[in-house]
Amino acid sequence: MEPARVAAVGVAQTIYEPFKRMTTAEMVYEAVKGALTDAGIDISEVNYIVTASVDLWDGLTASNIAVTEVVGAVMRPEVRVASDGLFAAAHAFMLVASGHHDIVLLVAHAKGSLANHFAVSNWTFDPIYQQTLGMDFLAAAGIQANAYCELHGLNRSHLAGVVVKNRLNGSRNPVVSGVSSISREDVLGSPVQAYPLSVCDCSPATDGACAVVLASKSIAGRFKRPVWIKGIGYCQDVHYLGDRTLTESEALIRAAQNAYKMAGVTKPQCEFSLAEITEPFSYQELMWMEGLGLSEKGEAWKMVESGLTMLEGKFPVNPSGGLIGGSPFIIGGLARMAEAVLQIRGEAHARQVPGASKALVHGTAGPCGQSHAVMILDIAD
Amino acid sequence: MAVIGTGQTKHESRRDDVSMQEMLREASQACLIDAGISVGQVEALVIGNMELFEGRALPEMWCAEGAGFSLKPSLKIATGGTSGTSAVIAGYYQVASGVFDVVMVVGFEKHSEGNTGTGMAFTDPMWDRHVASAAVGNFALSISQYMAHRGTTQQQAAMAAVKARRNACNNPYAHLQMPDLSVEDVLNSRMLAYPIHLLDMCPTTDGACAIILASEKVARKVCPKPAWIRAAATLHDQPYIGDHAERLVTMRTLKEASRRAYQAAGITDPLKQLDVAEIYDPVSYAELAWYEILGFCKPGEAGRLIEDGVTAMDGELPVNPSGGVLSTNPVGASGVIRVAEAALQIHGKGNKRQVPDVKTALATGYGVYSWADVVILSSSPQ
Amino acid sequence: MYTDGQESKEFIAVRLPVTFNYAAGRVASRFFQDLRNERKIMGKRCGNCDRVLVPPRLFCPFCFCDTAEWVEVSREGVLEQFTVVHCQAKHYPFPPPVIYGLIHLDGADTQLLHVISEVKIEQVRKGLRVEACFNPVATVPMFYISHFRPG
Amino acid sequence: MENGAESRELVRIRIDMDLEWKFARGWSFGEFFRQFKGGNIVGIKCPQCGRVYLPPRPVCGNCYEEMHEWINVSDEGTIRAFTVVYNSITDPVTGRPRKTPYGMALIQLDRSDTLLNHYVDQIDLSHLAIGRRVKAVFHEERRGAMSDIAYFRLLEE
């Protein structure tokens, strides 16, 4: 199909930090206000609102109730995608592409430090065969990481490379609070949580909100710095861990194929200025790079080790710092999108990738990356 | 764009014979058979479900493959009671965007596995959680205002409850089928919260419902009688129960959403122009309030409308031939069922609950505290 | 009483005291009964792709068709993938370390998730032969297999 | 059991939820409860429409205006809606069944424009009516939470 003309015209993020001393409404208002200001629009111009949050993590029934007013959804349409923010972004893209809505406000919010993240994630597993064993995102990731490392002959040091890079980038990202850079030795010396993953291989539990304003081609002319969504794709794998091929992600391969096809991307290895990847765990950045076709299978670690994916490298991955660098779960993919927009606009300051013009954005939800969303952003329409 | 197929499970108070995932499969399979296409022809899935009722986090991870969507795009929509209609509207825009030509929407709930009253009560912990009294308590408060302002009686509400359970007898999938139910039975049933009797209130149900939405091109090819979606509108409102002086009496969201939808579909006199309505009636009194807000009658006349049988199966505008939410309420599915039943009437597949010659049908959704969805379907695309 | 309270000026701690009862459905119910009564591990074969699914499913997640016949698989198999969880949390079945494994039982085509015990952590490796141990009086049906151990 | 048969005995798997959340009070509820503990009930006022809101929140949803002005509202008010609840639910705070029956009302506190959802000390419907005046009764020990109000007492007509 003809790529729909949809642009991101405003972005804003709160500070990402643990135990944020704001209510969800206060936190989300800050992000929404920022995004509206960034886009230079008034809430009255917003036609539709898409929010992303998950009830059990928020401890609320219909947790979008907590944000109805601050996202401007009083006597306006709002829909909540209960998943990672990039899935909500894919839906928001379709709302604009449908031709029915010119301006869509997109908001993801999460309070990762509200509850025990892994204890909540236990309730994602089917209650019959997996949940009662105590399975959670951490244990599942441990199994996947171990299988992936085993298959490709990697060890904890290879994973630590991702941690070192993303913590360094996160420490340079002004929207992240309390993330410091770390040495490879310190990563390797940190206590193992689920072999082979240490505390440092797991993203920290943080709170925050991210808002993005999308606009249609027909009105994008009034915005100063539109960044165009050239393609989207998302796909979900089967659920039972024992049914899946955990060492690669077929769902991600398909999500990327769809997004690339829409965007006309044929050589993902050389078409992007940067990639923003949602990596709740260190090894996932490597696996998702491979699934996205940025590297051959089992070889993404080489791009990390050679410094290629560092901020100063030829192909920066997660210049924002990613989730390991401090952005919260659920907001994950939307925060990646916000960073890519800033990079393409040349507004990333200390973490600016020179000449960034086209970015690959990724989000994931569920255990071991069961579901993936992919978006391609471009300075050109 | 059109609804080209519908399918649902038999709705019951408790389905121990199937897991949540297996229950989705029943609805999905029934829907695929009805549409006459294979799951391979459906490109994406939208799920509607209120996960906290079953204590789930990201339930689509487990359940999507139940609908047949392994290694396919899948999203879950959750907006309280409107989850089902919101999921349908989400699917509508996904097809309208051109990204997908064929999308399945599945709504489900398995209330028997959790504790719905408590699940409903996870309101703001800072404010009203310690007094939260589930849907019944909230409705009762609103209804006391509605009765005071409109003069609606308990008898009139009971008539709506009776109509629903009797209509349900014509619907083989309905949960509560009560052919002999009388107004007296409703009024004599246990008081849950004044003035709501047990039989004024919707049940909690295990069930799932699926529809398939297709682009005009595909719909014309595969479906002999597509139910075209002519309008879809959704509106939300302020979040606390006390934010509005008179929620149920005026429900401004439903009023405005229906105004927009009517306008888009060219409807100026809903009572005359609509052939059937499937409205989201969680409690008998709400059905009456919605009559007024949806413009079926003037404010204060809903009681007369039900007394005169205007909304009965043989009335001028049959409302809820399916038995409505009052007869069947798997929350995440309830909204999908409204749209499915409205589409089914246009498809002419209503069997015993078929209203003759349906050309235009209305479906609505309602969610805490006053979210509203309105969908209008028609036998003609323009 | 756990409630909106005194925890601190800035935060209010709240719990969600709800019990859930999940229907296993006919297929899983039989699987659990065979485990409990006969110490048999049963799978179901997909008539389309021929995979033997363990644990058994009503339908094949790959083909979306009903599974065909029941197949008894071995109580022994190969540990294909594993992790060792070292942290403490209430949702884990016992105090750390907890070894989770995906076990390819002889005769099955998918892997079964369970816990590995009676083994030194340093002995756990991919390819380890393991066997199921049973506990018919377990309160949680998945623990009718109490654990797997090297066998 | 013969091969091919499914189970007749249907298994249900019980799982108790044991999770805890720590909600931040933020500036809005923080200030509200600070005042509340000291005996004041405060609302927050929209600078545009002038509506005084309970509970406090960052913006007026109708006007999308930020709100900063705190207004003292009364501990007395008027019933705008009422019910008597007979149906017990598991209390989401205690996890135990809530005792029934109990009276509930939406109460408009004097000088506020929204309605507060709370208990009233009356389960006789003939005494409950829209328009009846009520006054908040506080627990002796205050903890800075909404449950510090035990219930509302009906005032003499």
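In order of appearance the chains are A, B, C and D, and numbering begins at 1 in each one.
The working rule: a residue touches a chain if its C-beta (ideal position, glycine included) is under 8 Å from a C-beta of that chain, and two chains touch if they have at least 3 such contacts.
This structure is a prediction, so every number in the text was calculated from the model and none was measured.
Across the assembly, the mean Cα position most removed from that of subunit D is the one of C. Annotation: A-B is the more contact-rich of the chain pairs A-B and B-D, by number of C-beta pairs in contact. With centres defined as mean CA coordinates, subunit C is found 30 Å away from subunit A. For the pair subunit B and subunit D, the distance between mean C-alpha positions equals 28 Å. Mean C-alpha positions place subunit C and subunit D at a centre distance of 42 Å. Along subunit C, residues 3-4, 10-12, 14, 16-28, 61-62, 90-91, 140-141 each make contact with two or more other chains.
For subunit A, residues that reach two or more other chains under the stated contact definition are 19, 21, 23, 56, 59, 68-69, 74-75, 116, 119-120, 123, 127-128, 132, 238-239. The residues of subunit D that reach two or more other chains are 10, 12-13, 15, 17-25, 29, 61-62, 90, 92-93, 145-147, listed in rising order.
Residues of subunit B touching subunit C in their complex: 14-20, 22, 25, 39, 54-55, 65-66, 68, 70, 110, 112-115, 118-119, 122, 125-126, 129-130.
Every residue of subunit A that touches subunit B in the complex is listed here, in rising order: 1-2, 4, 23, 54-57, 59-62, 64-66, 68-69, 73-83, 87, 90-91, 93-100, 120-121, 123-126, 128, 232-239, 250-251, 254-255, 258, 262, 365-367, 370-371. Interface residues of subunit D, counted against subunit A in their complex, comprise 13, 15, 17-29, 57-62, 64.
Those residues of subunit A that touch subunit C in the shared complex are 19, 21, 59, 116, 118-119, 122, 127-130, 132-136, 138-139, 141-147, 150, 191-197, 238-243, 246. Residue ranges on subunit B touching subunit D, taken from their complex, read 16-17, 55, 113, 115, 117-118, 121-122, 124-134, 136-137, 140-145, 148, 190-196, 237-243, 245.
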